[in-house]
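Chains: A, B, C, D and E, in written order; residue numbering restarts at 1 for each.
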């Protein structure tokens, strides 16, 4: 148990001393996962809206499929992306493997199903009379969506929080397509908090792992506070 | 080859390595020296031997550093790898609980394995062997030891009873598991030393040529992947077998563990059973 | 302007609208009245393109609006919902929404919203969060929201159901003014017949999936087309009987009591007589005889029930007849249960409808 | 890319031939993750309700904390459980490490935050007038909760779907406290689909990994269909 | 039975109830009337323990209900909400909920639900999904749901706001019956004063955070306590003036026109005169003089507006006076805008309230 206490002390030390490696890793985690969350939102919200308001055949099956994809293991997502972007894959020419870009792509795809599914839930939480009122007031498609989203703001932002949580905490895809590289330049490195935690764990450095875990949670807390602030505005 | 993220003048070298080299921090110790000397940037991807080979086979890296002779040979024979050089070696170690329930301390490796299996299959609940079970270099070595002891691994060892358990994870986790279950396991010395402080396990058998663990580096065949970064790859391999770096390897870890983690391959080519060219001749 | 051509709407098994036919003219105030569940909301929703009919067509200016739903048609109309919902923002923003959709300029929006707030008597409420409003306040916001876009057609689904009479009067005045000043066509559903009558140029009585009657308030109120409509528009006295000839004039035999009727009816016909309570006169039994030709039925007071500033006096003349008279008059006549009285009314006040 | 096709073929083969190892692993995955989801529901739903209807100080901070824990990496959960149940940990005497029980505990704890958070969301989706009506009709606390939950049934079951998805797809905690053991008896083994996928991946067997991933998704689909059926009843 | 002791309720800045004092007796039907936003719903919610007052106390049978909220007190009461919500299940299940809470047996539940459905005129709707009901149908389900548990106190927040007159009459009869047969105390909020009057033994007029007046319908309607109440209860004619002595009788000078008043008033006092429109009589200008002692004011018809089965005739006599008379009578008198008429009314019909 003392490892946990040690972990807290270590976390405090790393933060207080501004350990440059830890800072680089943390910043990279934030950039990658935030980017992925934003990209995923840009896809998931319109997609969720299209599915929710759509009346195409197979709509129910599609929703079921999306719910099923909640269970997509991160390793499988990592593998699929890996096959696509590895040199012999169809996008191999872009040389994306082992780059932060690849990690963003993987995390984006990873959180898409849950964000799309929760968008559908968020929209279905809006009072039907509100929807009718917007239509009746002569909203264009875009205006309609923008206003429905404003009404569903709270739930949509909760969705973003969940997406970010899943992105920043996943490790399977990050390690497969990122490679957990610690290079001398920031841009070439792909080590993020979770892959660093895995590495420390595999080396038996439990206190360090816990310290990094605490830092990760601190970041998540900060992001959540921002989201909560927007929610209540 | 260069990717868009790097400054133009710097070359990038991608290396897939078995975890033990990375986890011991040996590579972290060597890369800065290389980077400064060759104005290059080294990207290290550490993975199990199987995955590392997969990366190599797909041309996703320029250099591979592994420790599984049989699979290396196949890899080269299939035309994926060239210019193998051996740069370091050490020994595997059979570790187990201090009580040594199978009573195999200081036996020859094959004999120890035979004794453990015997007690295990006989139903002695105290005798357990935890295998990496992940097709890693270490797992390969374990399999070859069973074979050398005269057993058919798939029929007579694996699945022959609850005494033999496949961890299916990395070395560190396997050691943790063996520690928890008070079981035997085969480990590379580097990881064991790194973990030693947290474990109650002790070395049971650590001598015998069959425990030899040989690390090599090889280039991915540019004929297969023409745009691969073969110049820096060559530089890296030549760097590893250079006199200066061989010294570094031989002394690495002494200050921390009181004993070296690796031995330089340079002068011991006969002992480890490779040709002199493989340890000494720089790649042209 | 709005033509309903056999409009049908079915939910699962339940047929709600069963071929509604009607026509609402440009600039008209048309009220849809009908019992709870008769399909008033459904009809308004179909017109506002919020739901699709299962049969028939709705034309606005000649074009079938459900054939090619268009934003232009949608924007011709404004609707106030029966249970309005407000957007989770300020009152002012709620009212501004429709203007924003139409790309109005900020200054214009602010001015119009201010005006609208005043119209619905909510000046100063602009910055309140709309979600915390009372039922009636919300309904007024919904009204302002629909009116502020100055639609050509204003659809209102029981817009004053949650309002007190003073607010109702304010809103009604507003509707009349909008209709008069801007020429807005207004289609209002209401369960308050008096409201229908106060506001509407014409009424449609929705019953059993169709308009049982369409006409001016006066027509609907004095000449209901059926017994059901008569009951619905609040004619208290509906007496069933059979037409008999009587000295050249027409009379109806209602369980032995004869009632003279002005309209010509074929003897033997089974009819219901509708007599508005205000056309009845109750006088002491010993009062001067009614002039010849008038009906004068003796009876006894069965009950006296206060109703608004009036009392409703029911007299048993063989069948029950009730009249609404002021409290004062009840006192003056010294009416009480059991008093003997004479109920008199002109044959012209009796409206007869055929019974099936 | 042909690995993906191969993966499908392999998955079909494994399923059709009823490969005993794969069946054992799949059944174990289902048992462990379903148990964890059920346990987590039993805690998360009352807890979420208590937080949603509660009026204690620090309520908002607690909700923020829960949202933050969405980002708890599975490895960190695994580590914490590991420290608690390893031989030298406070619960070491129970000898739970490397048992399926340990995996159930870890997954339960892993999905608790998101299930609690989504329970709160689900409950806040219920019309306040419904709540007032229940109170006014004289509901006891229990009756109140039961009825509110029935009203929120749809969203609550979606929460269960998300919890199950997260449990069955996680690998970090499973491998740390379970150990991915393949012993000859079913009960001593702790290999589940995700840890098997990891293993196959680390061995470079991409087709096998994808095959196992497909089997995992098939299981998730089946569970989701059951949940959807209940939702719409 | 229910005592309101200075009940206060404040939302953020806004003071809604500002010390409401009142007493509702056991077995009484008490109606709270008041303008939209005056706090009727707020007051009912406080009594039903759904919200907590920021000041004062509410006692039921002597016990402060907010001091120790108890299920027993909660279960004494049933409430119908202004905008009712239904549970997402069948109509029958919706109505059964309260009974289930009280552990009633299945057979008893089934029977009572069936009865309740019949009471609100929804027999046969038991198996319908409640979410698909029309506005009025939902409101009737909410009514049945609250009534079926036979509460000692029935709170109803504008229960008939969405109903047509026929349904309203059904519900009102029901309320009266429940009150009479079961002795249920009924507290009803309504914006429909006539409803308040038809149903209630006593009315409370909620204005500016307090009861501006509490009394029997007759008191409130004929003797409003203030100009505001007078206006709210629908007294159309409110004339401001100053009391002057006139030949021993009391009269009021209203902009030069003298109006005789029966009640004794101190000369010089500033008062508002309230005259109910039904107490006015409009006669042709050349008709026989009014009897001495009666007010008879000459004037010209300013407007004639249809209102229900009546017309509202406004006469300018220096100030506007309007009367509601039947269409027939308008025709008989041949009234039209500009006609010269005499408006007469007894001094006893004039109710004077002091102005501040």
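Here are some notes:
Rule of thumb we're sticking to: a residue touches a chain if its C-beta (ideal position, glycine included) is under 8 Å from a C-beta of that chain, and two chains touch if they have at least 3 such contacts.
Keep in mind that this is a model prediction, so the values were computed, not measured.
The chains in contact with chain D and with chain E alike: there are none.
Steps from chain A to chain B, taking the shortest chain of touch contacts, total 1. Top contact pair of chains, counted by C-beta pairs, is A-D.
Our note on geometry: chain A versus chain C, Cα centroid distance of 57 Å, whole angstroms.
Centre-to-centre separation of chain C and chain E, using mean CA positions: 21 Å. Chain geometry summary: the mean Cα position of chain C and that of chain D are 58 Å apart.
Counting partners per residue, chain A has 89, 201, 206 as the residues that reach two or more other chains. Annotation for chain B: residues touching 2 or more other chains are 170, 173, 176.
Counting partner chains per residue, chain E has residues 83 touching two or more of them.
Contact annotation for chain pairs lists A-B, A-C, A-D, B-D, C-E, D-E, with touch applied as defined. The residues of chain E lying in touch with chain C in their complex are 11, 33-37, 41, 82-83, 132-137, 140, 158, 161-168, 191-194, 197-198, 217-218, 221-222, 231-232, 234, 276, 278-279, 305-310, 326-328, 349.
Residues 86-87, 97-98, 175-176, 179-185, 188, 191, 195-196, 198-199, 201-206 of chain D touch chain B in their complex.
Within the complex formed with chain C, the chain A residues making contact are 127, 129-130, 132-140, 143, 147, 150-151, 153.
Here chain E touches chain D in the complex through residues 45, 48-50, 71, 74-75, 77-79, 81, 83-85, 87-89, 97-98, 100-102, 142, 145-146, 149, going by the rule given at the top. Those residues of chain B whose C-beta lies close enough to touch chain D in the complex are 47-48, 50-54, 133-136, 159-162, 164-170, 173, 176-177, 179-181.
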